[in-house]
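What follows is a set of structures to go through.
Two complexes come next, and they have one chain in common, chain A, joined by chain B in the first and chain C in the second.
Let's look at the complex of A and B:
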């Protein structure tokens, strides 16, 4: 596959060769000093070529303008504003007169009254993002391996219905999950109770999924799997279908067992393709506001502090800092900047892995 | 894609293969049951009498919740809390969301296609690392920049307009530009060259050669972007406080937020009425999604 990719890349930029001739660098600077007339025409040619090249570039920027315009307006400027605010004490108390306070917001996060919140929240945040990425990938891969069976004729049907969680708007289904997981009326508890009755287990008690610290965390991860696995299933199936069948035949001829074929043929090729997806998923979940807030709103509450609940991640804490009763825009923006450091380094890793920078 | 050989030439299965097939099938069925139980749970709640948390199998199934969703708060048959639905009710939210989604998705498709074409075929300063830089900047938790967007919209007086609802979703995405560029890189260059020989300029090449061939991937792009207004809650609720301009997620969340148990049946019915058409579109579009994502990401 790598070889194939290199071929693609070699073909990919023929603008010097296959594209318009005007984009080639002009070859006018060195020529015989005796033929002055020659040199003048060559220089004129070079000028025309440079003009055409300028026009070609201008055209390229025209194509890019709509995207760059919206990005500037809706991403770059708001981000710049947010970063600026991170170094001020902007809040409701001094809404009209924010002062520049340097790194004080960051000092506050690590040592101030928020530090008892910050450290445990950060740990849970990392754990949540890692567990979410791993479990969603794991389940998606497992289902993909089951479906990637050439004897299973109805695979496409399974695939079409298993994509369902991806098709329902996440905002709607997370809130629906909140209802399903209720202790007294939730359908999950209804089902468990029905099963307990059916097998005659008297000791069953309805489970407070969203009210217990640890159960709430487990619930968040499980709901995450429900949302996340179809994307990974799709991507893994795409990767699996790109593994040449000859490799399996060769392994079969060599007498490899099912596990050996998986371990030495499937897994290495699959990982090279899906690793960047894992990183992306980690980065996405690291700031996945909806998955936490719409399910638990960060609750259950912590006993030692009012600033954050037990399932809060940094971005939901930052959201709470933005709103009542604190309105600490400066502090919330400082937190956003810290998140950007983590997520940005993930993005750098992805840029490398996905080869977003072209080598030529 | 997965059925490698037509049925007639399918090799006879060995016993171990047959065993493996049936074990896989049973596991897949169990898995489907697990994935679909929550869906059934929501359906059962929607069919249960209004104001209850729902039963596993509704004893007296009723369509009241669906009728409430489709007719309240305007109709005479509505009783509290359905009369308290914000704005014009579900159908109006849905209309707003559909309009926003269609406009957003259309603009996004063209914007992304323009940019991806430039990155794939044209030469300009920044072509090599442009997408990487945009991608890096866009990894900033966008969510945290929403107050800045909100303040700017208030400043120019655009908050509480449908224009704001559209505008907030119009950021071009570096990820999708990269995906589409990957797809375009896979289209043979000979086509461009042939068009150039025939005297086509870059616009004509783009319009008549590249765009038609990129249609499957553009469909994927449209689908994903069409979903955004159905998915986005917080920025939408921030820039728009007027109930007349609620989108489906905003209206539903605000209605159900503080009276969860008693209004969950309504919520369930509204979720289903939104999700069923979208799910059907995805089910049928799955083939495109599969092909588009594969060719965009794997490149060959």
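Let's look at the complex of A and C:
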């Protein structure tokens, strides 16, 4: 094991080009490989001057080039562009001659016709991200606990079935959900109506899943659970299987009940492993464009503003500012920048809080 | 007034058919020989017409290229219109845009990308007046109308006895009597006719197709009456559901659960393939006033940012396309020609459905072509949605839609 690792280290070393290459065979053949491996770097450091070290650094950057190039192209430049554009009046109308307008876009977002947009959208955005993360985690954990039963032989079969929502492309299944949840044509309502008819319940009214302001939000969370729980289920199953059996045995010997074992053995260990996943899930859902836009397009329509619907989150509002009728890239970028700051600081705060938990 | 216009129009059309038609081809070839003597150019045409229609365009364009010594490439553009605006602004756009829905011209016009139509390319009098209004700004022609479309009333011939209703009140009674009536009611495009019939309008027409975006007529008493009617159709008549969409209405018509349906020529082929027993009629009058559907015009324009030589050749190509293509587009794409002479053509007249759409179009209003129109669709669709769900009163809807549109126009910087 050790020998292999050291050979790999020698090979991976960018200095391999020079005299060190010839000294490699003896390294592999020596009986004390770790010492020999150490010697190579020593030799190389001693033999090569500062120039060689510069070359080494250069070679290192050469290896990093593909990654740096793609990251620059796909991450750094777009971020820099977004930040720049956020301070301009760039739009479709003045596509060729945008001007810098300072903080005007940010002022616009909170005043004038956009003033009713931000606060309700932000509140729902936080609620959505938190509820989505919590409910998906909760359901995933519950299913994982059920599946983590040594006496159940079909665990893998159930697991394969339960993982299916993850396997279907989300864009397709969200559109399917949108159809299922329709009030007058949706299959869920058809089913409920058939049941109501069968049991002779006269008072049944079809449920406006996507039309009612509050039900639409509930629907989004429920569909989110369907998408999100398989991942958490898998993670929890992995975490559960990593908990040493001795702990349970010890607890058993001490006379702990099933609940006590769960509360004092399973949960603490599980949480330390899965809490970071919750934070990641929160941040992911905070900007989960597809979950909202594909299901409701941000509707139901709000009476007090045309720029956001009842289920719009910040990212879908930003998207709407980009397109018809405004095509205001500057304004949309300002919104995106604001979103970046919000998500970033929230994630940071959560990570800080988690570290405190771990230190205890 | 309108009758006089129609009579006058048809006389002009007859004249155009008698002498304008044949006279057009020599002049076109004269123009062609003129450009042929100049250095040959390479034209790029983007079209929004798909499938067999694109092929027909290509046929005519290649014939023109052969006779003039120029080169033409016809490319299908299925992108967003804002993408085309940015492409032209970046110097990567087409020389000719062909078959673009005219209500999208506004963004190109705002960006100064539409070349004014030179005299001698089209004779405005030979076209349906709304199609000319649809393609001009402040009375000046900036694009050429190719064909047009408007919605009509589809009815099931197996359910509707005798002739289809000619008043909306009659239609409503029949529909409530069990026949059913559904259409995409929350879509402003289909619903505008009810608003127009009641005296509402989007932007005030100052004459010559010049629209005033500061005068919005979607909040006047006529519009309020229309909103009341639309709300009643859903809330009290229960003819349509509060989540009615084009798909659900179409499916109901196809199944026969609703015998009336409002839509456009694009649905004809589907119903024929599904063996639905149907016919199309002019949309009935509302309160004794004509239903005023939006007219959509497929327009062609020349990119003003391209070189003079290319622009000259491009207009020559458009002239050729205007002569040879519209009837072919009618045959392969059910497009109603915008030229009056072609409306009288025997093949067009023989199609009863197209005749009904054309009859509806006669009372229609061209969809506003100014960029401010983009600020109308969202708010108008929004209040129709709220009305259908009974979440807003017609009076509040009238106030909201006007305020939202004004806000939107002010924000279109």
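Of note:
The criterion applied here is as follows: the second predicted complex is superposed on the first by the 282 of 360 C-alpha atoms of A that agree within 3 Å, B and C clash if a C-alpha of one lies under 4 Å from a C-alpha of the other, contacts with A are read in each partner's own complex, and residues count from 1 in each chain.
FYI, contacts are C-beta pairs under 8 Å (C-beta built on N, C-alpha and C of every residue); 3 or more make two chains touch, one makes a residue touch a chain.
The model shown is predicted, which means the values in this text are computed figures rather than measured ones.
Applying the stated contact rule after C-alpha superposition, one finds that A:255 touches neither chain B nor chain C. Once the two complexes are overlaid on the shared chain, A:95 sits against chain C while remaining clear of chain B.
Judged by the touch definition given at the top, the superposed model places A:200 against neither chain B nor chain C.
Counting residues of chain A touched by each partner, chain B versus chain C, the larger count belongs to B. In the overlay built on the shared chain, the residue A:185 is in contact with chain B and with chain C. In the superposed pair of complexes, A:82 makes contact with chain B only, with no contact to chain C. Counting contacts by the rule stated earlier, residues 182, 184-185 of chain A appear in both its interface with chain B and its interface with chain C.
By the touch criterion stated above, chain B contacts chain A in their complex at residues 1-5, 7, 10, 13, 17-18, 20-21, 24-25, 27-28, 31-32, 35-42, 44-45, 52-56, 110-112, 114-115, 117-118, 121-125, 127-129, 131-132, 134-149, 151-152, 167-168, 170-172, 174, 177-178, 185-186, 189, 192-193, 196, 202, 206, 227, 230-234, 248-249, 252-253, 256, 260-261, 264, 267-268, 271, 274-275, 278-279, 281-283, 286, 289-290, 293-294, 297-300. Of all residues in chain C, only 82, 85-86, 89, 107, 110-111, 241-244, 248, 251, 371, 374-379, 382, 385-386, 389, 391-392, 396, 400, 404, 407-408, 410-413 touch chain A in the complex they form. Partner chain B is touched in their complex by these residues of chain A: 1, 4-5, 8, 11-12, 14-15, 18-20, 23, 56-57, 59-61, 63-68, 70-71, 74-79, 81-82, 85, 143, 146-153, 155-156, 158-173, 175-180, 182, 184-188, 190-191, 194, 226, 234-235, 237-239, 241-242, 245, 258, 273, 283, 287, 289-290, 294, 315, 318-319, 322, 329, 332-333, 335-336, 339-340, 343-344, 346-348, 350-351, 354, 356-358, 360.
Of all residues in chain A, those touching chain C in their complex are 89, 91-96, 112-113, 182-185, 208, 210-211, 299-301, 303, 306, 323-328.
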